[in-house]
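As written, the chains take the letters A, B, C and D, and residue 1 is the first residue of each chain.
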Amino acid sequence: MNLSGIIAYPVTPFSHDNKHVDLEKLGEVIDVLLDAKVDAIAALGSAGEAAYLSESEWKQVADFTVKHVGGRVPVVIGVAELTTEQAVICAEHAFDIGADMIMLSPFSYYKLSEDEVFSHYESVSNASSLPIMIYNNPATCGVDMSPEFMLKMVSDIKNATMIKESTGDIQRMHKIHKLSNGKVPFFNGCNHMALEALNAGASGWCTAAPCLIGERPKQLFEAVKQGESEKARELFYQQYEFLEFIVTSGLAASVKSGMAIQGNDVGEPRKPLLPLDYSAKQRMTDMLADLSW
Amino acid sequence: MNLSGIIAYPVTPFSHDNKHVDLEKLGEVIDVLLDAKVDAIAALGSAGEAAYLSESEWKQVADFTVKHVGGRVPVVIGVAELTTEQAVICAEHAFDIGADMIMLSPFSYYKLSEDEVFSHYESVSNASSLPIMIYNNPATCGVDMSPEFMLKMVSDIKNATMIKESTGDIQRMHKIHKLSNGKVPFFNGCNHMALEALNAGASGWCTAAPCLIGERPKQLFEAVKQGESEKARELFYQQYEFLEFIVTSGLAASVKSGMAIQGNDVGEPRKPLLPLDYSAKQRMTDMLADLSW
Amino acid sequence: MNLSGIIAYPVTPFSHDNKHVDLEKLGEVIDVLLDAKVDAIAALGSAGEAAYLSESEWKQVADFTVKHVGGRVPVVIGVAELTTEQAVICAEHAFDIGADMIMLSPFSYYKLSEDEVFSHYESVSNASSLPIMIYNNPATCGVDMSPEFMLKMVSDIKNATMIKESTGDIQRMHKIHKLSNGKVPFFNGCNHMALEALNAGASGWCTAAPCLIGERPKQLFEAVKQGESEKARELFYQQYEFLEFIVTSGLAASVKSGMAIQGNDVGEPRKPLLPLDYSAKQRMTDMLADLSW
Amino acid sequence: MNLSGIIAYPVTPFSHDNKHVDLEKLGEVIDVLLDAKVDAIAALGSAGEAAYLSESEWKQVADFTVKHVGGRVPVVIGVAELTTEQAVICAEHAFDIGADMIMLSPFSYYKLSEDEVFSHYESVSNASSLPIMIYNNPATCGVDMSPEFMLKMVSDIKNATMIKESTGDIQRMHKIHKLSNGKVPFFNGCNHMALEALNAGASGWCTAAPCLIGERPKQLFEAVKQGESEKARELFYQQYEFLEFIVTSGLAASVKSGMAIQGNDVGEPRKPLLPLDYSAKQRMTDMLADLSW
């Protein structure tokens, strides 16, 4: 499994009464991403409101995504379950349906010790042969994993082979790169830090941005990889306000509102999440206009 | 509803295979608490591993607790659901089974805006006539609510009438007391801050400590209420290390391990939570010996 | 040296051109404090703008204070110098003029290691036989000292015998009390935490508040010591907004502006400090009116 | 004044009794920096222990530096004084001796308001015609200035024309670049963030590293400017551990110890600063060996 580039996150469209997943629309969102030349599809991440889906909805989305992508690019399945038992069930399901990889975060109500986190990852690793991307995002998951600890898991847990870092602290990436002699692939999960993450050696960028701004993230990735640093800087600053906005406004709400502005109605996020308010929608409209070709 | 004193939190005992709630044992835990002269029972809080129960287990625990307590003291039902829809279902259930109150926290994967939190509380308030205790614990819930915002909810949301503050910042309690002219009851949710919370005017103390140290929390509460400040200080410092330890080691794990040490086997916590390790169990053993009569 | 109660901090009055210390006015400020029945006078603390005095002004203030107080209460001399050499000079001077105690903080441009802080305190201790109060206030000094480290200094450095804690974290005081078995005296340096500090066992309260609100801090101290907890709570909440305000608005600026409102012109603070602005002065006027007898 | 590239910080050598500045050695340190092809010399920064110099020593260092550099590169004079009056005196002196620029930080004992900081910068700006680099380093100065506020000062204060950002938060640089449309030059003050700062558009890098590792910082700067991103990454990771080490161990202590290891005895830092301890010196020795040509 040699993943690199743009790992794209579809939102999960809901029916108008918010009660059901709208799979047809999900197919359209995935197509938007594939048209944006992304290198992988990651279903059931933060942008996908995985935490707000019932178990059967979660499986619906996983199954549909694998089938709809149909091998055109790898499919990553996000697993962020409160209990180890449920995380194992999700991982087994991801394997059964033919997904390519698991992105596993230690979402927790409690502060977990490193022993508890390690054991959680180990159990999920033992549940299938799928490679695991260790996903660190304390802002959503409530648990912060140091570079040293994540590298220990990569070293000691069979299927744990990659890291997604979303703290927004570039030093974490330097540490991962340096301590592993550049051997452990890491991915950027903080949209408005994409330029420095890629320059620091990130293998790719995990982002929902292509739902709204198409190929721009891929162009930025390519510019850095080609060493076109002036062009990379320009591309980054063009997207910067937008990237910061979708992070600080909430990914699911802002991407769904943005798609509606673009004429692509994918429903509202689930409560307690609310759609963007009027002024935020105005700002989104302006930014999307600036970023359209 | 005039709640005050010790609001006690039972752990949720599991069967030895960790797969089922052991209701008989739950009854024994509740009896330990009632013997410790607590003033209310709060089921399905952090100590009760509510986040790790299936929906049917959650209802089992709620139903059993109300029935077992049988009106001897009020029963508070903790609600910490990721979606508003599920929180409403839990609140309706609490009302249907005759619970006395709901303790509602905005447990979240995402950072929620104040509008989102407000709307969540409003929906739950509209679901039943039960009084709601607003529960602020950013360390577990991922959302921090300011004193000003919580008082606004008390003022604008019909059934929101009380506050439980668990940040560990005594200034929050001063603000609640001062801004509401002492009119909005608030409760301490930070065990090792109990002395100052009660001195600052807290109506009560929400704690799982009586599972292990019996009447001592109630004695501390009474000493402060009676103005016996020297005695209160002594009682507090006797319990201090223990109170800090169960918070920093994790409530469910440490209380369950402590009960086993006392010969009261209530099973292990659910994974990813792990039981206390050897040295922590030793320390617990020593502290419980010091605190026994 | 058995210090307890209210340790009061005079501001340092300046001439109208801000260029000279006005010793006559300083005498009046000290008299205001002594009339408020304070138990010690602490010259050259934060409220006294010690950081903004030249070396000769610093000595003027120290000399005058010792002479003016004339043994009526103990005099504490604040030492917060950037170099160890200068701190030693100040300590020797305090001894030479007959001051009773040194309050020493590790004011620093750099983050200091514990070895560096220890060595700084040791050098000052060796410079005289005066008892040293270890003063922890990371917000002004840039260095945070843990309870464990400060207790180690009390244990290993001859004249270091007391602690002033100003972080605003009540747990620090619990730790000091518990780890020293109540044997190391500690003082509260966070005005709006006075109630809980005293209830937690603080020997006294270091404050500039009596410059403006006379005996009220002493009354609060007495109420706690007498075990009149209801009265203590009332007295505390009467002063609470005022105490929080002078901390958050800056002690020197707010106390000087407050004294001017009371008809006691002690000049302005030194730049970059600015006097309170119009709306802050209004608020101060209102609070002082509420707190006058 | 068109400053860019490596702005290098000499340490301030002291005599063996630590009582005097050793100007002859200071000349040697400056020569080491000029040999490393740096683009400017910044005297009296953090690395130069400016906070630990008497006023006359401060002037000695300033005068000598301007004279010794003799126009080969621009000379920046650091000003970090506690009072506005003293900062103005320093700025006037810098002008009088023919320095090219002032680097001004709001070093403070107190938390300053934005009005207070603004007024401080304005007074210094009025004191001479020298351009001012606004220097934000809350870790040493105790005051944090937002990008928005610093840009307001650039806009409203005549001589404030540049920014040095040392928080270590790359987002601050993105904000400065974006909000000023790339028009306000900013410099990196966080050594181990140099790669991303330069990629984000920083005009230069303020660093004491060339005292020990010669041209390597300049090579990194050049590689980024030439768009050789692969080479830049390699150069950065070669220096990374060293750069992080001198920041976390303290610049003055670590650079002075490192120079001694290289056979260049520049004396010890002033107390409370201590030289590196044995194991830190060992690590420094190893890192310097790895980085030597």
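Definition applied: a contact is a pair of C-beta atoms (placed from the backbone, for glycine too) under 8 Å apart; a residue touches a chain by one contact, two chains touch by 3 or more.
Quick caveat: nothing in here was measured; it's all calculated off a predicted structure.
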*Between chain C and chain D, which partner chains are common?*
none
*Could you work out which chain's C-alpha centre is the most distant one from the centre of chain C?*
A
*State, to the nearest whole Å, the distance from the C-alpha centre of chain A to the C-alpha centre of chain B.*
34
*asked:* Nearest whole angstrom, what separates the Cα centre of chain B from the Cα centre of chain D?
replied: 52
*List the centre-to-centre spacing of chain A and chain D in whole Å, with centres computed as mean CA coordinates.*
39
*For chain C, what residues touch not just one other chain but two or more?*
none
*Give the pairs of chains that touch; include all such pairs.*
A-B, A-D, B-C, C-D
*List of chain C residues in touch with chain D within their complex*: 46, 51-52, 80, 82-85, 106-113, 115-117, 119-120, 123, 139-142, 250, 252, 270-274, 277
*Over in the complex, which chain C residues touch chain B? Could you list them?*
168, 170-171, 174, 177-178, 182, 192-193, 195-196, 199-201, 224, 227-230, 232-233, 237, 240-241, 244
